[in-house]
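All remarks here apply to the structure that follows.
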């Protein structure tokens, strides 16, 4: 029996090697042929576009309604919307474009842009979209989607920065500084009754990044090498270390769902979380207040990461009719009407200048404070190396939470891990 | 008499201990499912609570309602049932005929083929994604249930072949030989004599193929991109978002999802034991 | 698995059918091929192409920066794998993971099968409840366990506290996380072994036990001298298959470790996934996959060889 196994294996290996050698001449990429680009006959030939997103299910109806209206206006264009989780969207897009397929339009957080652009999966939009249209959008967020000068995404929303969320019944006035925040949290902590002062998804460094950002820390130097073993990141880890081990104002093993549950049940006085969660807290009947992330030792507000979400176009879309249809769809997503609907549903700040000046955005107290937070925020780097940084920062979090290592040691380890991870990207 | 319900040799103490052990194990297997029920019945999509109550305070069926009427659960269920039944049928047909050949004939390449089947089981899943996608794209089977059924059947067939071969080996050859003497040909013998005797193994093969398709996520993720073709695992995973997963609706859907599989298991359970003869003792 | 064929079909390998004078298909040399062709075709289709593709990819530098135009770099990826000390540590952990899981699957499965293989009231209900983990979609089951392992609110720690023990950091400490993954996977896998054992137990002739009773053998002696050897031909292939499945089990560790970037919980296949889909090192991940493939092929063939020894029992 063993003999036959070896026989099969060696047979397979020989076959495989033959194929591999034969294929050396060609390139792997050619396994995937580009879709047919048949010349256009009629100007209004029907176009079927596929569009991938990773939105919250609550926003589905908005997309569906607006796309149906769009189809009435342009009967020759139908848009199929496909939902993915964020991770799936990223990896599926790579697989499908490699095979010469894939959606025409892909929508996602701006950090996907860096990955897709480096891989060569998306095309520059400067020629697809008109300068007039781009001028209707906020310049800062449009520029955030440029990589070496070329535009790779059309942002339709910005902000998404986390804030300090507090239960007004327990905390009458929001804390101004970190020290005040910890004092208030201590008063509201009673572990025996399951009550805690401050909760958040403690495993994700994203939720404490406001500390290092506010203290002027940078994850990269100019050459995109990590700079994590610096006072700013030591301070960030120290904040985490202290709330778990010194002040004990947060439950052990506090992940996203634990934190959110405690806050919804009124058992947590404060939570650090983003606009996607606020509606849910209000729906749970919490008398919710929003505040700046508190001031740090340098007197500056905590600076949360801000980001945009953007639409990008598959590099395989070359047919002029398709590109024209893509342009029309992107103009819909860039319109004030569309963006306002989303702003109301999701709490993201629009990028359309008219929408940004809309009375709803201007007068809504939640939007006001979130905009304030955005102003002191730090734009999230969109380079793919950010992944290496997050993994490195995350590595020591469990040990910090349980007090096993010091903040200094954690920063040192994060730096080493980040160097290793980034080297992996560049191999 | 009660006595008849147990083995004659078992002492009452032993019977009690056996029940104790079995009930403990049943609790362990059932608890996670009950935990899902608790989450599904709880209002407000709360994932955690600090007690072990099965029926939570203010239990509500709202999450089940949302799952059925507001999400596309029924559509996903229909798609999954279709794909899984077809995979089951194809798996059984292919595996039965192959298993029969391996059991009854000595032919050139038999060992090599059986080993080849083993190889399908040792592929690391991540290795399959890219090539499977490209292959099915070339065959124009993207967004097509056939594009799911083919890889699922290929995954399930090897195990089914081994099971069926093991079972056929236990059926005496003399049955067929006498049929041949009576002038029956191979196919009639196979259909009229062998298959009716092999129901338990056929049930196993069908169940195994069905479950392979019913639970599969990774391949369906890349093959199906049209929402109206989504299968249950796809729909369920899509319910999760980066942060705000509606855990209540999710758990309710997950429980509803398990029902068809459970029905199948229960209805086939009498065959399950006698059919699982991966390497038969009776040889 | 193919060992099964050698063993079971040994007695009358060539059908006597050739001797029978009739016009039926059985005498044609191609008859068996007609029977296996559909299965072979579908398996070949889904095996050969991915294998060729994978090996070809493993010789390239396809990654983030060379995604659409990868170059052939020969064996560099393989050299990198084998010169990385972490590979051997992860390999060791994978063996531990596989061994711990499969041995627990077999022990628990066999134990439950012997308990249930008797006249017992409510037996069919108990059996259905016991196979529940098999019927539950794996992805959902693992997510449920993720909740059960929570330090503060998970049922397991609540239970531990209730019986006076202290809560354990299941998801934040790499050792506990690894243990939690094993517990979850044991839960997922023992019903299969139970059913396999049960099938085997039911086919052991009762006369063997009756004879042992006459000789005055104890229960343990009967188990050791009759049950185990008789079950070996059923259990060994099932355990081999189980080991292969466990070795490549991606979901359990991947989902439970979603809050951790600690490499100390990873097994080979989760590392492949990370390298490929988190770090976009497609060429390297393909090479890693080929290495796993070869390790398992070697393992399976040596197991099959070991199986040959057991045949002589009969």
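The letters A, B and C name the chains in turn, as written, and every chain counts its residues from 1.
Keep this in mind: a contact is a pair of C-beta atoms (placed from the backbone, for glycine too) under 8 Å apart; a residue touches a chain by one contact, two chains touch by 3 or more.
None of these values were measured; they are calculated from a predicted model.
Shared contact partners of chain A and chain B comprise C. Ranked by separation of Cα centres from chain B, the top chain is A. Between chain A and chain C the centroid-to-centroid distance comes to 37 Å (mean Cα coordinates, whole Å).
Look at where the CA atoms of chain B average out and do the same for chain C: the two points lie 16 Å apart. Of all residues in chain B, those touching 2 or more other chains are 47-50, 111, 115-116, 118-119, 130, 134, 237, listed in ascending order. Multi-chain contact residues, meaning those touching two or more other chains, occur in chain C at positions 2-3, 6, 51, 53, 57, 147, 150, 152-153, 277, 297, 300.
For chain A, residues touching at least two other chains, in rising order: 1, 4-5, 12, 31, 98, 257-258, 261.
Contact residues of chain A toward chain B in the complex are 1, 4-5, 7-8, 11-12, 31-32, 50, 52, 54-57, 80-86, 88, 92, 95-96, 98-101, 103, 194, 201, 256-258, 261, 264-265, 274, 276-277, 280, 284.
Here chain C touches chain B in the complex through residues 1-17, 20, 22, 24-26, 29, 31-36, 38-40, 42-47, 49-51, 53-54, 57, 108, 112, 115-116, 118-121, 124, 126-141, 144-145, 147-148, 150, 152-155, 158-159, 187, 191, 195-196, 198-200, 202-204, 230-231, 233-234, 236-238, 241, 244-245, 248, 250, 268-269, 272-273, 276-277, 282, 285-286, 289-290, 292-293, 296-297, 300, 314, going by the rule given at the top.
By the touch rule above, chain B contacts chain A in their complex via residues 44-50, 71, 111-112, 115-116, 118-119, 129-130, 133-134, 137, 142, 221-222, 225-227, 237-247. Interface residues of chain B facing chain C in the complex, by the touch rule stated above, are 4-7, 10, 15, 18, 21-22, 25-26, 28-33, 35-36, 39, 47-52, 93-95, 97-98, 100-107, 110-111, 113-128, 130-132, 134-135, 150-151, 153-155, 157-159, 161-162, 165-166, 169, 173, 176-177, 180-181, 183-187, 211, 214-215, 217, 232-233, 236-237, 254, 257-258, 261-262, 264-266, 269-270, 272-283.
For chain A in complex with chain C, the residues that touch the partner chain are 1-2, 4-6, 9, 12, 15-17, 19-20, 23-24, 27-29, 31, 87, 91, 94, 98, 115, 118-121, 203-204, 251-255, 257-258, 261, 384, 387-388, 390-392, 394-395, 398, 401-402, 421, 424-427.
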